[in-house]
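Shared between the two complexes below is chain A, which pairs with chain B and chain C, respectively.
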Partner chain A sequence: MTWGVENASVVFGARTPLDNVTLRAAPSTVSIVVGGDGAGKSTLLRALVGLVRLNSGVCRRPAKKDIGYVPATAGLYVDLTVDENVAFSAAAYGLRGPELAKRSAALLERIGLSGARGRLVGHLSGGMRRKLAVGMALLHRPTMLVLDEPTTGVDPVSRAELWRLITGAAAGGSAVVVATTYVDEAHRASRVVLLEQGRSIATGAPADIVAAVPGALGVVASGEKPSETSWRWGSTWRVWAPTRDLPAGAEPLQPDFEDAVMIAALADERRLAVDDAAR
Partner chain B sequence: MLLAETRDVTMRFGDFTAVDGVSLAVSPGEVVGLLGANGAGKTTVIRLLLGLVRPSHGHVSLFGAPPSMGTRRRIGYVPQTLGLYDDLTVEENWTFTASAFGIAHVAMPPGIGSVRDHLVGRLPLGVQRRVAFAVAFSHHPELLVLDEPTSGVGPLNRARLWQDIRGSAEHGAGVLVTTHNMEEAEQCDRLVVMAGGHVVAEGTVAEVIADRQVVQVRCDGWQQAFSMLDAEGLVVQVQGDALRVPASRAAVEELLEQHGIRADVSTVPANLEEAFVSIVSSGGAE
Partner chain C sequence: MRAMIVKEFRQLKRDRRTVALLIVLPVLLLVVFGYAARFDVSRVTTVVVGPQAPAVAGALPAPFDVVEIDASGDRSLAASRIQDGTAVVGFVTGGAQIEALMDGTQLFAVQAAESSLARLAQQTRAAGAARPSVAVHILYNPNLTTAWIMIPGLNGLILLFIGTLITSLGIVRERQTGTIEQLAVMPFRPWDVIFGKIIPYLLLAALDLVAIVVIGMVLFGVPFVGNVATFAVGALLFLLVTLGMGVLVSTVSQNQGQAIQLAIMFVVPQILLSGLIFPVSSMASGVQWIAYVLPLKYFIDISRGVMLKATPLAALWAPLVVLAAMAVIVLGLAVLRFRRDLAPSVRRNDAAEPRSPRAAA
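Here is the complex of A and B:
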């Protein structure tokens, strides 16, 4: 069974935080939602797990007890110990006794918190809290695991460990959905949805998004901004020519995923400008 | 002349040594990335450079002199928390900062002029970040210190911020950027990597990665190979349709063979994130 939302829209008064977005979450895969603050990532994830009602569109999700969800705030009790947090969350999913003891021991060992079971969660580092939150969401072996920015602000060492947990859940059969602001995390996914202002501006496998880049990309070593559709890369400029006519002096370049994301955002901005002008 | 320099600087807080013998420098026109795990000492280095704390040992100099109110005026600093007054409008923030830096009325850049009457706290985070940058750049600082500058910013706004950062560097400013974002780190001219209060690696992206390699595994259905290698204690990462493993090729081949998993195994250059994890995990002792 593939979970997800199709043509989903959410309207709050005059705002449309989610506008006709489709997201698929298949078992044993990781789907990633990429976007900046306010792009609609949290609304999409909350709609997927049933915390926000869709104004239009379809949502398919497993029963509540088969969902694991970690909000961007991590959803831990800072005044309880590590063990108390695990036991409380496990009990909510009907997990207790020897089975809970076995699974929580394995989890805490895996995330390096075996020696900190009696420590208050409020005293753990940010990276540790994230690992604990993700681990707790995995304990009842959810069919669908939904994580809102689990790696934001986390250093690369903790990030690698978090991704090990997340990918492990997918390898074990869960349909995993992860929201992130880091474009470079998208290559870990089999499917990506790129959000901007509540709209999906690119979707598909990362390689397919790169292959579908319209126009031509070039690089200019230095100097003034070569065109409106240019951006900095280190000391150089990347130039996107929607109609393939690169400016003089630009060396053609094969786009990578980060270029594809930038081009999708620029193309979207141009579309909006055209729509505005037509109005 | 160096814009900012720490020479063999150590900073102790009681029994805790946050920074231990760190030397780093920022020259005009260069963008230096300061990387490190949480607790590596990056924030303390920034506080030392801004003159907010004095080192227990060693020397800190800004524009060739010890940090002072005078040197502070030549720095533009954007903390991760942005450092704006939420209860003031954009224009009030702008004017307040200008007078604090002792500069006469400067016109607000057009990018933020359209929100001049908005309370900062009510603006979306991406716009707040642009305001914080504009304010920090307003007195044409010679040294920019930026803490996680594009955290949570969408692609277009990130590109705009980096355009401003590069523009300043091309006009001769030096820039020190701390980041956990490897895309951002790759945009820097030079990186300084810290772990446990020490500098454990430095140089261009290519120099930091050096000859580090990872083992790439391609097979039908990555899930089985992942679970097996993971159970063996390896930190396996997925990239596209391949697995990347920081281990020796022979060891990975042997494990795959033992478990009867057929796969294409090759050795490929590590990316910056993999190199960083390897450097920091080994404490730079390689």
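Here is the complex of A and C:
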């Protein structure tokens, strides 16, 4: 069964942190929600797991016992040891006895914390904590795994290890939803939702999003900013021409996923400007 | 430095609770304290029994406030009225001299009664009139030992501290660290989380209470003459109220600092106005009603009554019923508010699968 939200909106007073967003999470796939700070990623994930009420739209989620969730704060008890955290989480999902011992040993081995079972979580590094949190969310083999920025602030090695855990969960049949601010992580997804100010500005497989880039992209070696729709890329400028007429001196370039994200954001800005002008 | 001062005021402006704690609470406490902080007792509830009861009752000056006159009553009637808290002083007439039984658990009332009797004797001597002498017998706390009166009340204060402050800090810590979100997503029922969270504090407070009572008895010689079960029921009801207050405080606090501020606002008035230090009867009527909405007042009535006077359950029904009602209201409100944090998603747009069977807590 495919989980997710359809045309979901969440309104907090005068703010609309989620505006008509659709996210589908199929079994054995990784869906990634990409967006900057305040884009609505956490609200979307919290709505998906039932922590936030939808003002409109529909949410499909499995029963609580089949959900694995890691909030942005990791949700660990820093004053408990690794083993005590695992035991608490396992008990919540009804895991006990030899089955718990087996799964717990395998998990800690896999995330490299076998030697730290008696350590207080508060004494672990940020990367270790994240791995433990994700590992604990996997312990009961959830149907849907929801992770809110699991790799933020984590060193590259730990990040790679975390992604091994995440893709391993998808390979095991879970529908995985990951929120991230790192655009480069999106290529790991079978489906991406790009959020901007609570709105979905691009949705689909990464390759489809790249293929659907409107207009033309070019590169300008150096000099002044060539247009309003250009951005720095090392010592060069990337230029997006919505009407495909690139400025003089710009070399046409095949966009990659990061370019597609930038162009989607710029296109959204232009769309909003046109809407404002029309009002 | 100017920038620092401006910044500090801007932060204070947005931190309404701190401003309340800094400005409103001291003003409020000063006003309330001014009217409540009185040791002079203007009304001493009195029962007069025996053949000369009507005559003696008529001759009693202030602060004696005669609430019962029974010419056919005897010493045991007067003593039972004192035991159940109906009267602080009981005059027994009909003997060679009038006997005044006084409730030693009401320190300031007894002092007021004794000084009034002394004044009366002095006036009688000055007038040269012949009046029967009065033999004073102080019951339950014959030496008027302050510790005997304070320790049963302090039991309540400690339960209040654990129930309100420690519980609220424990719950707010879950919110601050984000683990409360994790709990809300786990297959716990809201009741599992709420009671799983407060039961350890309840047990801890019960253990603390036993330790304090025993220490009070060993170190200060405080008697425990009443029924342990009655005391335990009163303590349990009071503890449920304080735990409810702790949960309520936690539901409106985003961090532990806020929880401490709010808990202080809950705890301080109870210390000052519950009768722990100042007798409720000596407070100005304008603030006296506050004492009657404070749970500590009722627990102190039970604690002092059971520990010092062996007051029977039948005579303590009023404070027990009030505490039970408070427990239902406060804990009910607290649970409803806390539940909102744990189960916000039940609504028509959810197409979630049916609830899972209850997971083991």
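Keep in mind that, in the parts below, the second predicted complex is superposed on the first by the 279 of 279 C-alpha atoms of A that agree within 3 Å, B and C clash if a C-alpha of one lies under 4 Å from a C-alpha of the other, contacts with A are read in each partner's own complex, and residues count from 1 in each chain.
Keep in mind that, in the parts below, contacts are C-beta pairs under 8 Å (C-beta built on N, C-alpha and C of every residue); 3 or more make two chains touch, one makes a residue touch a chain.
None of the values given here were measured: they were computed from a predicted structure.
Overlaying the two complexes via chain A leaves chain B and chain C side by side, clear of any clash.
By the touch criterion defined above, A:E161 lies against chain B but remains apart from chain C after alignment on the C-alpha atoms of chain A. With both structures placed on the common chain, the touch criterion links A:K225 to chain B but leaves chain C unconnected.
Judged by the touch definition given at the top, the superposed model places A:R61 against chain C, while chain B stays out of reach. Of the two partner chains placed by superposition, only chain C is touched by A:A92; chain B is not. Figure note: vertex chain A, arms to chain B and chain C, all at CA centres after fitting on chain A; angle 100 degrees, rounded to a multiple of 10. In the superposition on chain A, contact of A:L51 is made with chain C only, not with chain B. Once the two complexes are overlaid on the shared chain, A:Y69 sits against chain C while remaining clear of chain B. Look at A:Y77: by the touch rule set out above, it reaches chain C but stays clear of chain B. A count of residues in chain A touched by chain B and by chain C gives the higher number to B. For the overlaid pair of complexes, the smallest distance between C-alpha atoms of chain B and those of chain C rounds to 5 Å.
No residue of chain A lies in contact with both chain B in one complex and chain C in the other.
Contact residues on chain A toward chain C in their complex (touch as defined above): 46, 49-54, 56-67, 69-78, 89, 91-94, 96. Contacts from chain B toward chain A in the complex involve residues 36-40, 124-126, 148, 151-159, 162-163, 165-166, 180-183, 186-189, 222-224, 226-227, 230, 235-240, 273, 276-277, 280-281. For chain C in complex with chain A, the touching residues are 177-179, 181-182, 184-188, 344-345, 347, 349-357, 359-361. Across the complex, chain A meets chain B through its residues 28, 30, 35-39, 125-127, 152-161, 163-164, 167-168, 170-172, 181-184, 187-188, 196, 206-207, 225, 231-235, 258, 261-262, 264-266, 269.
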